[in-house]
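Supplied in structure tokens, the structure appears directly below.
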Amino acid sequence: MSGTVEIAGARFPRPVFAASGCAGSGRELVGHCDLRDFGAIITRSITPTPRAGLRPPRLAETPSGLINALGLPGPGIEQFLAEELPWLVDHGATVIVSIAADSGPDFARIAQRLRQAPGVAAVEVNLSYPVSDLARRPFAMDPNAAAGVVHVVRRNTAAGVPVFAKLAGDTTDIVAVARACANGGADGLSLINAVRGLGIDSAAARPSLGAAVGWLSGPAIKPIALRAVWEVHAELPAVPIIASGGVQTGVDALEMIMAGASAVAVGSALLTDPSAGARVGRELAELVARRGADLSALIGCAHVEVGS
Amino acid sequence: MITAGQWTASVMARRTAGEYSVVTLSAAGSAAAARPGQYASLRVGGAESSRLLRRALWIREATAGGRHGGTLDVVADVREPGGAWLAAQPESAPVDILAPLGRPFLLPRETVTCLLVGFGVATAPLIRLAEDLVSRGSRVRFLMLGDRAAFGVLGARRFSAEVIDRAGTGADLPQTVADILADGADVVYSAGSAAELRDVAEGLAGTQVPHQAAIHSPLVCGSGTCTACAIPLTGRDSVTRMVRVCSEGPVFNADLVRWADLGTVPGDCLGASGEQQ
Amino acid sequence: MSGTVEIAGARFPRPVFAASGCAGSGRELVGHCDLRDFGAIITRSITPTPRAGLRPPRLAETPSGLINALGLPGPGIEQFLAEELPWLVDHGATVIVSIAADSGPDFARIAQRLRQAPGVAAVEVNLSYPVSDLARRPFAMDPNAAAGVVHVVRRNTAAGVPVFAKLAGDTTDIVAVARACANGGADGLSLINAVRGLGIDSAAARPSLGAAVGWLSGPAIKPIALRAVWEVHAELPAVPIIASGGVQTGVDALEMIMAGASAVAVGSALLTDPSAGARVGRELAELVARRGADLSALIGCAHVEVGS
Amino acid sequence: MITAGQWTASVMARRTAGEYSVVTLSAAGSAAAARPGQYASLRVGGAESSRLLRRALWIREATAGGRHGGTLDVVADVREPGGAWLAAQPESAPVDILAPLGRPFLLPRETVTCLLVGFGVATAPLIRLAEDLVSRGSRVRFLMLGDRAAFGVLGARRFSAEVIDRAGTGADLPQTVADILADGADVVYSAGSAAELRDVAEGLAGTQVPHQAAIHSPLVCGSGTCTACAIPLTGRDSVTRMVRVCSEGPVFNADLVRWADLGTVPGDCLGASGEQQ
């Protein structure tokens, strides 16, 4: 297994993480895999209050992908702190807490609550999802809005606990948003969240998701994620990136790293293979070993070769 | 709590009849753990397939022991692309499988008269249940509804129970159930789609007969992580929550399921909000 | 076969078109299919001068998709008018000319040249591709820029010849761009162009395309295309849409129509199956017939059902 | 000009040796049209595959007549995922095929001495060519280079020609070609990757020997629509243009190919610009 990776000053035991929302509360994976297989478990996005989620259907299959419109179902910050976080920590998981809210003050409040909790290795700010109003434009679609939220979260988070900004893959200029977030205090970036997508059930003549518009993830979006990682790393090489979007194998993970990621997160793959985290980690370690290289030496290495 | 395993099964045999195919898979030691009402979740299409999602399939039969760590029989609908792929696999083809998944039917402590109501292919989990009940001395009355083609392939008549075949009849379902119930039953077990089970529940309305319902609906992860399968259920604390069919079911105490509100997030559900429904 | 469709006042013999850039000059498809199988052939984007295209590799496979960075290779407007357009017209094709340029004046000049040419059924303005500078932001990423180009082309195009604006699928707010184009004089919209994507050849530790960043097309992007069609049709129901993005079958075409398209274009499918146009047309006609409906009655019909 | 057909072929037979597999496909009447140097383009992975692109494969043999409208033999490299899929198809499996594609080798009008230079699996088109040349009375000298494993499966020694087997040798390629050429040849035919053929062309530099080169490289559409396969070639009008291997080749007059500039768009190419290279 590849060893420890250091990202934005924090140490993670492995370079392969569980992407937000794809490992449930963590408990669901017990029996399927060891939570220590993951460099970190990024929690589903924790919101100010409990959420039941959106009406079904909530998920549908698309070519080499899936679309979901779940509506960030989850326990809310208080129950998360009371039950889920301690459970994860007890079970040896390294935890990055993803948070989502509608407003700066709500983000500040969650960040403050997290500050008092032991076992938070990092905070990931989900900027790509409209929390209470689906028609609202997510923060990640606007550099200023994104930077504002990041700033608030950073200010309310303990020093030494890095803050990652999770951006949307289908924004016009992701580099501009990334730069704004970095300037706003983000210690790193998570690229990318699922992109907006829709399915039609033609037999029923209606959208295949209850909410109509949803989010596309899985191998289908890997080229979109790689492009985002590539462009952001080219412009902001000092900002570490946790890459997600279609990672299913060690080769996929290595591609992300060569494009500029410091770590990768597996999302959809966990829905179809609960043991994907360990497998991807193992495959990646073998590929890195075969190159006789250290993983850190491979970060962004595909950039060097361009034009040669 | 979780006893499910993940392994690469081999196709040992398959028997296709019309639109259904019973596929026997090597069980890698997991067969003994499988209880009636549980299911298996299979990866379909092979490694390079554009279809990513797993398919949930009832475990029709689980045979422990033997050379391959026992076998599991699952039932695939060949009209569905994933089912068609499975039914087309040659002997010894590898299939990624997770099983047994979900909460099984609870068996009565005493010997009682049980009414089993199965719809089409969802009759599968009830057959094993019927066998268990009969072997424990209970009396089983088995009402079969829906697609009759499924019963043949399921071997749904090969056990000693009173089989009431109403497959294919367009009869008023709640009334049919109520009528048959009137002939006597202490507990009811059902399996079918949400709409079908809602009708059964309606037929039982007003009675005090305990009813365990196994919901047959599309699943995604099978492990409880994705929440795609959530339905509203009112807990004993009177709070309605969205619960996951795949891991908190597929068998539920039918009295607690908000049958009329399936397909929605009811406004009184914990965490519901105007926009979210 | 489904009959004639009327879009923005022009009549096309069938609802299935060839997407820009995916039917070559038209000649290449002879022997593989009948050009009359297509409701229209949308030409590759014609530029002011001839273009050799980008360095190889120009195309790579991705999960359920492909990425390309061709660089708009083509003959330029003059040779197009002298040879390709007359040949297409002679062979019975209905021709929509796609045009691309770097500036308003260049767009105006091409439009003026097209105005004098017989056989132009419509003009499609490719707003999604940076013509001479890959680092430049395409017009389609900015509502004002897009509207400005559309306005210039519309002013220089004969009345009765509709102008379609082809938009990018990975812009932050496609409805805003669509609205601006409609206000700028677009008679219809083409949704969507391929979205930005990148591949990494991990064995070689370099991007799989010579130009690094390319454009992702094929079934992988169908949910993204459907989302764009859905949102634009919901907001601008009077503006006709030619939909492309992952259409490979009649079911895909029907999904696009139910989401709000008036016609569909097959792109990548033609690269893997040169007879895809006729096949998709036939499959769509069968599906429409089975519903006992007229195709026009199905446009956007999935919207009606939502919330019911 | 275009004689290619598209049909659903059946796998008639397959013979795998090491990393290569020769697959015989039903030809639906297209076999008679196939000339040496032409290729077939196959859809791989089945209808639900996540791999969309077709694979170009040399036609090793074309046999007209017979029950299935003749047959085509193609050669797949099983290390490549598409090739592995093809080699794994059982008899009578359907395969979507376009063939014959591309411009073939031009045959000499007179009987001459021909040097054929083939690299690994790209030897395939030269074998049929050699047979044609021999049957027309020409003398054939056949230099085989690259991966020797390919020759066995191709049956590369079953015809009367002087076979010079340098497979696997690391010898300096341009020099080898020049040496063998010194022993006499009026025309040269070659087939291999761009890098390999560049070396052959270099070995012929300074001679006036006509050289037809068949380029083996990844293709996409095979019909000339996508321009993915374009290489720089200087026309008789001295203008360099990007030409398509799939439809304007794969066989080219080697003197016209800008071998040193393969993999680029040369600055003097028609339509080239600084940013585009």
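Chains here go by letter, A, B, C and D, matching the order in which they are written, and residues are numbered from 1 within each.
The rule is simple: a residue touches a chain if its C-beta (ideal position, glycine included) is under 8 Å from a C-beta of that chain, and two chains touch if they have at least 3 such contacts.
Keep in mind it's a predicted model, so treat the numbers as computed, not measured.
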Common touching chains of chain D and chain B
A, C
Which chain has its C-alpha centroid at the greatest distance from the C-alpha centroid of chain D?
B
Between A-B and B-C, the pair with more C-beta contacts
A-B
Can you compute the centre-to-centre distance for chain A and chain D, using the mean CA position of each chain? Integer Å is fine.
46
Per the centroid of Cα atoms for each chain, what is the distance between chain A and chain B, given in Å?
34
Round to the nearest whole Å and give the separation of the Cα centres of chain A and chain C.
33
Multi-partner residues of chain C (at least 2 other chains)
63-65, 218-219
Sequence positions of chain D contacting 2 or more other chains
50-51
Name the shape of the chain contact graph, picking from line, ring, star, complete and other.
complete
How about chain B: which of its residues touch chain D in the complex?
45, 48-51, 81, 85
Could you pull out which chain A residues touch chain B in their complex?
22-24, 27-32, 49-59, 61, 63-66, 68, 70-71, 73, 76, 132-134, 210, 218-219, 268, 270-275
Which chain C residues qualify as touching chain B in the complex?
63-64, 219
Mind listing the chain A positions that touch chain C in their complex?
62-65, 67, 137, 141-142, 169-173, 195-200, 202, 204-207, 212-213, 216, 218-224, 226-227, 230-231, 246, 251, 254-256, 258-259, 287, 298, 301-302, 305-306
Quick check on the complex: what are the chain D residues that touch chain C?
1-4, 6, 43, 50-54, 96, 98, 218, 220-221, 223-228, 230-231, 241-242, 247, 263-265, 269-273, 275-277
